[in-house]
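My structure is below; once you've seen it, I'll send some questions.
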Amino acid sequence: MKIAVTINEGPYQHQASDTAYLFCKAALEKGHEIRRVFFYNDGVNNASSLTEPPQDDRNIVTRWSKLAADHKLDLVVCVAAALRRGIRDENLAPGFRISGLGQLVEAGIEADRLVTFGD
Amino acid sequence: MKIAVTINEGPYQHQASDTAYLFCKAALEKGHEIRRVFFYNDGVNNASSLTEPPQDDRNIVTRWSKLAADHKLDLVVCVAAALRRGIRDENLAPGFRISGLGQLVEAGIEADRLVTFGD
Amino acid sequence: MSEGTIKKFMFVNRKAPYGTIYALESLEVVLITAAFDQDVSLVFMDDGVFQLKKGQQTKGIENKNFSPTYRALDGYDIEKLYVEEEALAARGLTEDDLLVDVTVMPRAELGKLMDEMDVVLSF
Amino acid sequence: MSEGTIKKFMFVNRKAPYGTIYALESLEVVLITAAFDQDVSLVFMDDGVFQLKKGQQTKGIENKNFSPTYRALDGYDIEKLYVEEEALAARGLTEDDLLVDVTVMPRAELGKLMDEMDVVLSF
Amino acid sequence: MLHIVNKSSLERNTLESCLRVANGGAILLIEDAVYAATRGNEAEAKLRDALSRFKVYALGPDLDARGMGDRVMEGVTTVDYGGFVDLVTEHKNCQSWL
Amino acid sequence: MLHIVNKSSLERNTLESCLRVANGGAILLIEDAVYAATRGNEAEAKLRDALSRFKVYALGPDLDARGMGDRVMEGVTTVDYGGFVDLVTEHKNCQSWL
């Protein structure tokens, strides 16, 4: 089945991005397709290449980048939300791309299910 | 009187940074000293120099930078929280500096009041 | 691509305006979804009904007053606005307090409507 | 500088662990505040009492289990841990469920203690 | 329909809103919402009542993280992330009560 | 002591916690918490009751932003940001109920 995911909160502050990641991994393991992961609102902060958590903590950003590389995921960062929060091409982690809100709507249309993770 | 302020949430997503800013401005107008503004948790995202909100919206980051310049404010960004969220010297807006949590405790000791703004 | 597909999108607004950005961002997605010619419903539940309160004056908090946008929805053929009856009452509001014409509905009815949707986005 | 000044700091923990980062960040400030030789009190109210629950196993959510740190507080001479009596009861917990020795207190008493503080930080 | 709730019912109104509005189906408790599925919690009676109208699930890894894995009330089914995915695909649509 | 509350009492438990724990003093409602100070809100009775134990203030700019400036219940004092600052300096200490 085609599943789309949207994430509304940044890394570390809320569990949303963690839960979304583990959900996506489980869906892929079950043979589903992750049609797109859309990062909206503070969710855009998950895409910062400058993130550097303590060594004994998970790296939420690189974890998404790796999942995207392993499974050819489409990780889309909302451009308006990103500009409001200082995420641009110059500090965008590998595997993410910046685009418009239309990508969220399109994912909602094309996927069989859309699941939101937030605060 | 010496007042210290701490901000726990990022710009735009929550009103915390807006309220803190208007509070600081009012305190300065009344002749009080803002001993320090400490940006903690997602609050560190208020310091991103890459932020670019829509033209008809307020610019929360440059507003802080200007207030700091006009009144010699000490805007301190928590280093551990900043690294977790991709805020470093290379994308730090003017007037902010990155330092440790000790700066928050010190502000609490030295100021007559400490006011927290958050979610 | 998805040409021709029309899905039922519902936007569930449960939060007050200005304290958080969600009310504003919900409106942004609503407008884009309408531009994709989808079937759009907006629900205002719980504190979300405050988004439609008349007389918002945001100068004092130095924020943008986005409430006029609700009045503009009609121009984008977005006409399905549902408001939770119990939420209005619990907040001392009546239909007269609202910026736009809406359909006031008991929450149980809203639950049934939700069941019929293809995509539900919450803010 | 502030050499020699000792203030009463209270850390009010009202949120459950892991759903948000606040519980972890509160601990960080608590440790630093103790390093500054300040008078430190921790209060666990509402869902904050869950922070002290025994048996946390975070492997499944791929997050760090920071609950052992509460056991280490003693080593930093942080000994004033207050837990809201009513909050424990409302969550089906007893003192035996908690990781560390604490002083259980009715909420009205906690309010009086708060009044005596110089600095109150909420998480 | 699958209703996903992620906040503690003693802190926020989301579970209560969901229970009042939702027209049956399934409820999945994740993140801080899992406390509502544990014995002795003030929400217990409300949730027990809901079991007649909804199938109720709780995310096991979130229960374990919070040290509550052994306190799940009878009638609530524990699932892992794979089970979460199955719930999403088995229901026609879903809503996250944020 | 000054207690600062910033969340709607119909969404979160912060105002209720504050009212139950705080040992008198002043309460300042800001941001989404200002709705609790308006007539007809479900929190009205609770807040009216609190007026015997607390001085209650609400931030005017937040009331105006939400179109509720003309609905403040009797007994609650409206202040601007300058008044917020005065409340902080006039009280020995303060707490934000987050």
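Chains: A, B, C, D, E and F, in written order; residue numbering restarts at 1 for each.
Here is the rule we use: a contact is a pair of C-beta atoms (placed from the backbone, for glycine too) under 8 Å apart; a residue touches a chain by one contact, two chains touch by 3 or more.
Bear in mind that the values here come from a model prediction, so they are computed numbers and not experimental data.
Common neighbours of subunit B and subunit E under the contact definition above: A, C, D, F. The chain pair with the larger count of C-beta pairs in contact, out of D-E and C-E, is D-E.
Using the mean of the Cα atoms as each chain's centre, the chain most removed from subunit D is C.
Centroids of subunit A and subunit D (each the mean of its C-alpha atoms) stand 33 Å apart. In this assembly, the C-alpha centroid of subunit A lies 38 Å from the C-alpha centroid of subunit F. We define each chain's centre as the mean of its Cα atoms; on that basis subunit A and subunit E are separated by 24 Å. Residue numbers of subunit E whose C-beta contacts span two or more other chains: 6, 10-11, 13, 31-32, 61, 80, 93-94, 96, 98. Among all residues of subunit B, those that touch two or more other chains are 8, 12-13, 15, 19, 22, 41, 57, 80, 114, 116, 118. With touch defined as above, residues shared between interfaces to two or more other chains in subunit C number as follows: 18-22, 46, 61, 63, 118-119, 122. The set of touching chain pairs reads A-B, A-C, A-D, A-E, B-C, B-D, B-F, C-E, C-F, D-E, D-F, E-F, using the touch definition from the header.
Residue ranges on subunit C touching subunit E, taken from their complex, read 12, 14, 22, 45-46, 84, 107-108, 110-112, 114-115, 117-120, 122-123. On the side of subunit E, the complex with subunit C involves touching residues 1, 13-14, 17, 20-23, 25, 93-98. Within the complex formed with subunit A, the residues of subunit E that make contact are 4, 6, 30-32, 61, 80-82, 84-86, 88-89, 93-94, 96, 98.
Taken together, the subunit C residues at the contact with subunit F in this complex read 15-20, 46-47, 50, 53-61, 63, 65, 67, 90-93. Of all the residues in subunit B, the ones that touch subunit A in their complex are 10-13, 41-42, 45, 48-54, 57, 61, 80, 83-88, 90-91.
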